[in-house]
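Below, subunit A partners subunit B and then partners subunit C, in two separate complexes.
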Partner chain A sequence: MNTSPHLLDEALGLMPGISNGGALSQGCIVLIEDSVETSGAFILHYIVKRALSLDSSGIVLFLALAHPFSHYERILRKLANNLSRLCELFPKMAELRQGARPVTEYFAEWKGCNLSVHREQKRFHLFDILQLEFPCESKKDSVEQGLVELYSKIQSAVEVISSRDHSRAHISILIDDLSILEIAAHGSMDHVLNFLHYCVTLTSEQNCSLVILNHEDIYPDIEGRRLLSHLVYLADFIIKAEPLATGIAADVHGQLTVLKKGTSNNGHYSADKASNFHFQVKEHGVDLFFPGSRC
Partner chain B sequence: MAESICKSLRDGALEGEHSPALTIKDSLESLAGAHAFNYFLRSLAANVSTGKSQARGLVLVAFNQSPSSYLSLLNGKGLDASVLRKFLRILDCYSDPLGWKENILQSGGHDKPTLKESDNVCRDVKDVSKLLSLILELGKGFAGEGKTYFAVAIDSISTMLRYASLQLVAGFISNIRSQGQVSCMIWLLHTDLHEARSAAVLEYVSSIVASLEPMVQTTEGKRGSENLFCLGRNSQNGRFHVRLKRRNGRVKLLNEEFHMDQDGISFTALSSENVVVSQTRLPKLQFNLLLSEKERDDRARVVLPFEHQGMTLKPWLKIEHRLLTKNSSSSGSRGGESQHKKTCLDDRPHLAEVHFIRELSVCSWDSHRSDI
Partner chain C sequence: MAATRATRPSSFSRNPSTSAAPSIPLPGVKLGPGNAAFVSSGIPDLDRILGGGFLLGSLVMVMEDAEAPHHLLLLRNFMAQGVVHRQPLLFASPSEEPRAFLGTLPTPIAASKEERPRVPGPNQEGKEQGLRIAWQYKKYFGEQPASQPQYKDVKQEFSNTFDLRKSIERHMLSSQNIDCVSIEKISDLAPLRERCSSFLSKLNGDNSSIGLAGRIAIQSLCAPQCGFSDWDMVSFVRSLRAMLRSSRAVGIITFPSSILPHSFSKRWQHLADTLLSVKAIPDDDKDLAKLLTGYQDMVGLLHVHKVAQISSQVPVILEANTFSLKLHRRRSLILEKLNQAPVEGSSGTSYGTAGPCTASFKGSSIDF
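Showing the complex of A and B:
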């Protein structure tokens, strides 16, 4: 039985030593599509946790459109608070003897991901745009101006981080969630895509990664689904969280499908790879396992 | 066939004719369009750099990827930076397409621009006429004797269609094609991001349309994980369907197969297995639903208990079958099996004469055609 969250690490290329010690690979764009019956928010939380873990020196810029800071803090604090993570941290205790890191740091990680601490240490930047709204008068200009201002904040944050001493830190920009940004933009797909395009330029210019959460089942017609199609063309990884075809089960809450699109790098092409897992969301994390591997 | 496209782009335009234009179109069912675009871009760049093509320079309009990624793409295929500098100009519509970054800089009072002016950045892609003049300006910069031709590549016409209306984009393309100095044009189109008429308009203004299609069409309405798996599988290989329009109006249709391997995309002739699959639109199955040649022949020889399943002719055919059997047994041949029959029921004078035309079932009578 394989019930390791490392299945997701493997699918997203988050393996320590391969990537940035837990952060997403540089310049990659991840699209998470979920549905009403199966929320994909836990993937977002997991990516935040991995980016802020001790293995990684990552920095997170979080565009919180759906929930306040306290929500994320509460959830992240509970994540990783389990014995298996403590067992994983034991081998690193060797570093303790060499005085590399104080024991409190390891203990803090075992206890969970404390967003307030990461915020103080300027590793977690939250853009609290829960009440994001653009005035209705002269609609077109005000929406565009509002999005320019939002992008301006993100860009200056990225520039400040890049200019700091630890400029090698990998920056992840997370958007939770895009549909609310679309509502704020008065349903204008073009404005949302323009904003996203500018965020995408940060992935190539500053090597940031971009994670977008959006809902699959909120678009009634083909016209509405065009935004999703745009996002699929844009993304390097597409993650779909959906209910089981057979309905909900007590110990399986849904299935995840991860598609890694083929990429060309220095003239070499890496093929597409699709993976499928079942998951069970628990109080302190999520169990991922291959279909049929649980008795 | 991919070679014939490369050749057509290499040979360029005839004097007084519009330049050849290639539309590469893909969809979410087959996402390899960007790889195909890169393939033809590399081929064109190689021909331009070695002087084999009519064009002496290449203007690349980058909407979807940064100019540096294109430089590394072409560098990776043996074209070094000094050669690229001579014949390649990239119009950067990617870094700041709407001038947001410029506005942020100005409002922040910064002096240092993030992008140098020498980078050929377009900061208002919505202004199509300005875009056109920028392309033509870059194209005029190539050195050469006499009339210097140049090629134009647009990495995503779909992105351009997001910024400008269909009429403006179609006019923009026609305008470039009609310029005497433009040798050829290529662009990439993602068909499912637009209405069908947008794709049709762009196909009208192009002389070659290359579509990347899945080997097996995804079922309409297939959603979720199944769709994602299909998407992954269909990006690896599929059909490469090309429509070439000749100047005299003749249209040539060609089919090939594309594969993604370590070196990128490659094109091969359609394998016989896939020809059958693509004709029948059946998915690849573990068991065979199709008949072999021998099985088809055997099936044709089976004597059926009836000769026609049509609703109206059924009873007459039964009579005729009985008579034919009788006639053939007396004559010892099957000469009575002609398409037009006249049957006289001599032994039953009270019955009317029946004339009918017999419809032959194609599959069961193919083997007897020669007798008829």
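Showing the complex of A and C:
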């Protein structure tokens, strides 16, 4: 039980000491698929937490389409060991903890500036695109333009980060979630795919990885699955969160299948590796265990 | 509530200037653990099941039964509760004259008539003071389901029981807080989006309704007579959800999921924070009647698919997902867990004769 959080680390290659081939290494693409019954957002939160704690040099670019900043901020605060992380993110918080300043003063300042504090710290960049809309007139162009604009924002952020001497900090780009980007693009799959391909190119050029959350059950037919099969093709890690076949239980929230695709470089060939877990989501993290190993 | 929530972290929010406002109970708003604020669904049982009610800032979706109007029961109670609390209400419907629907809202049953013992009036003030303190302490005990005994006393104000046979008194509907929109004639959803956003911005700005929680009710958004395109509708739902997140309001949308293409129905369901579905019960299903007790009194089934979880990653696991909708004394709506009727014949008697534990253990292992 105590070692259980490491199962996800192990499956994603995030163990300390392993630098290559993990989910947070250069050019790596992680696809998270979930369904209405079982949300996969907790994996996203886990990856954010790991990315920010990974030898404390990781940087996260978060495309928040599904929730406002406060949602993520609170969840991450509740995840274990995260207070110290946030203290690093917000030096003012540490000040607060030491009681250096009265609380009232602190909050007066907090109200308007949380995103700017992030930007000052340049560890967590949140693209707050919850209300992202592409204006409806002359639809196709506006969608294209909007996505190009979004991409160029990401690109410039990545370039700014990597131009800084940050000891080659690893940048993770997270998208929560892609299906909403599709809705914002009014279903024009080509544009979304173009956007993704640009992002993928970016990850291979810079020290980046891309983590995408998408829903599996919204693509019913073969034609509709085009986007999903593209994603599956591109991804190095495919994580599926599914409900249990027997329905949801109080102590098992669902099952997780992590597929690590085989790679072949420099004559080294590694085969596909799939691992299957049951999971239970908690406020301070997630418990993973092998099916049947917990009674 | 949600507006302040967006900018303020919870655990440290003891700043008197900011935390004083939410601690004064707003009419019809109940504070739960972790800075959550609820408004009532108009059905006390549903509030209890959902852990306090509908979360402010969330989007509730109800999947309709294509052949029965049971979703209207939920919609009516939700709207009537808002009218009772004098909360601003925006109602959109595919009918020609949406205002006519307001005439069918049920009337609240006076609390004194109820059989459940309530707190007498004079004590109320002191009681509330105590509760407020209890809420403050709750933070330190971690999250607990909101259906604590202490909440029961507040319920009297928070949610009413409605008499479905009588319609609400006219004078309650005459307030200016009720806004009706027909979505039958409009060709795209931009005007409705405008209405919703101006409605929500009024909640934050206007002095008369400041501090009041708003309610948006949209009936059968994807009804065939409207003829919106699939992408238009799903992007409307998405932008409504985004707008609600930063406001102190609850949106409820009912939709006949069976007439949407499957993939879009799933997209809608993903966008819902709280997802419910209603189903009618066929009158003469003899098998089902044998299986369930109280089958005669049931009007339908309510299924809870998702419960809103803002600022938390832990899914809410309910003890039961399916509830029977019943009419209590033929007038008020109640929800009950499904009870399996005792099965006649062999297994029932075998349990009866089994006697002590060990014996029944044996018996059951043979039986199954």
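The rule is simple: the second predicted complex is superposed on the first by the 245 of 295 C-alpha atoms of A that agree within 3 Å, B and C clash if a C-alpha of one lies under 4 Å from a C-alpha of the other, contacts with A are read in each partner's own complex, and residues count from 1 in each chain.
The rule we apply is simple: contacts are C-beta pairs under 8 Å (C-beta built on N, C-alpha and C of every residue); 3 or more make two chains touch, one makes a residue touch a chain.
The structure displayed is predicted, hence computed values, not measured ones.
Enquirer: Taking subunit A as the common reference for superposition, should the pair subunit B and subunit C be classed as clashing or as fitting?
Expert: Here subunit B and subunit C can both sit on subunit A without a clash.
Enquirer: When the two structures are overlaid on chain A, which partner does A:74 contact: first (subunit B), second (subunit C), both, or neither?
Expert: second
Enquirer: Given the superposition on chain A, which partner contacts more residues in subunit A: subunit B or subunit C?
Expert: Of the two chains, more subunit A residues are contacted by C.
Enquirer: For A:282, select first, second, both or neither according to whether it touches subunit B, subunit C, the two together, or no partner.
Expert: Only subunit C; A:282 stays clear of subunit B.
Enquirer: Tell me which partner A:164 touches in the superposition: subunit B (first), subunit C (second), both or neither.
Expert: Touch status of A:164: no partner.
Enquirer: If you stack the two complexes on chain A, which partner ends up touching A:250: first (subunit B), second (subunit C), both, or neither?
Expert: The answer is second: A:250 touches subunit C but not subunit B.
Enquirer: Now for A:219: first (subunit B), second (subunit C), both, or neither, which partner does it touch?
Expert: After superposition on chain A, A:219 lies in contact with subunit C alone.
Enquirer: Under the stated touch criterion, which partner chain does A:184 make contact with: subunit B (first), subunit C (second), both, or neither?
Expert: second
Enquirer: Quick check on the superposed model: minimum Cα to Cα separation from subunit B to subunit C, whole Å please.
Expert: Here the least C-alpha separation of subunit B and subunit C stands at 15 Å.
Enquirer: Would you please give the residues of subunit A that touch subunit B in one complex and also touch subunit C in the other complex?
Expert: none
Enquirer: Per the contact definition, I'd like the list of subunit C residues that touch subunit A in the complex.
Expert: Spelled out, the residues of subunit C in touch with subunit A are 5-18, 143, 190, 230-231, 234-235, 238-239, 242-243, 245-246, 261-263, 266-267, 269-270, 275, 305-306, 310-315, 317.
Enquirer: Quick check on the complex: what are the subunit A residues that touch subunit C?
Expert: Residues 36-39, 41-42, 45, 67-71, 73-75, 77-78, 96, 103-104, 107, 110-112, 114, 130-131, 133, 136, 179-180, 183-184, 186-187, 215, 217-221, 224, 248-250, 253, 281-283.
Enquirer: Enumerate the contact residues on subunit B facing subunit A in the complex.
Expert: The touching residues are 28, 31, 35, 38, 65-66, 68-69, 72-73, 76-77, 94-98, 100-101, 103-104, 107-108, 162, 190, 192-193, 223-225, 228-229, 231-233, 235-236, 260-265.
Enquirer: Residue numbers of subunit A touching subunit B in their complex, please.
Expert: 148, 151-152, 155, 190, 193-194, 197-198, 201, 204-205, 216, 226, 229-230, 232-233, 238, 240, 242, 255, 257, 259, 261-262, 264, 266-269, 271-274, 276
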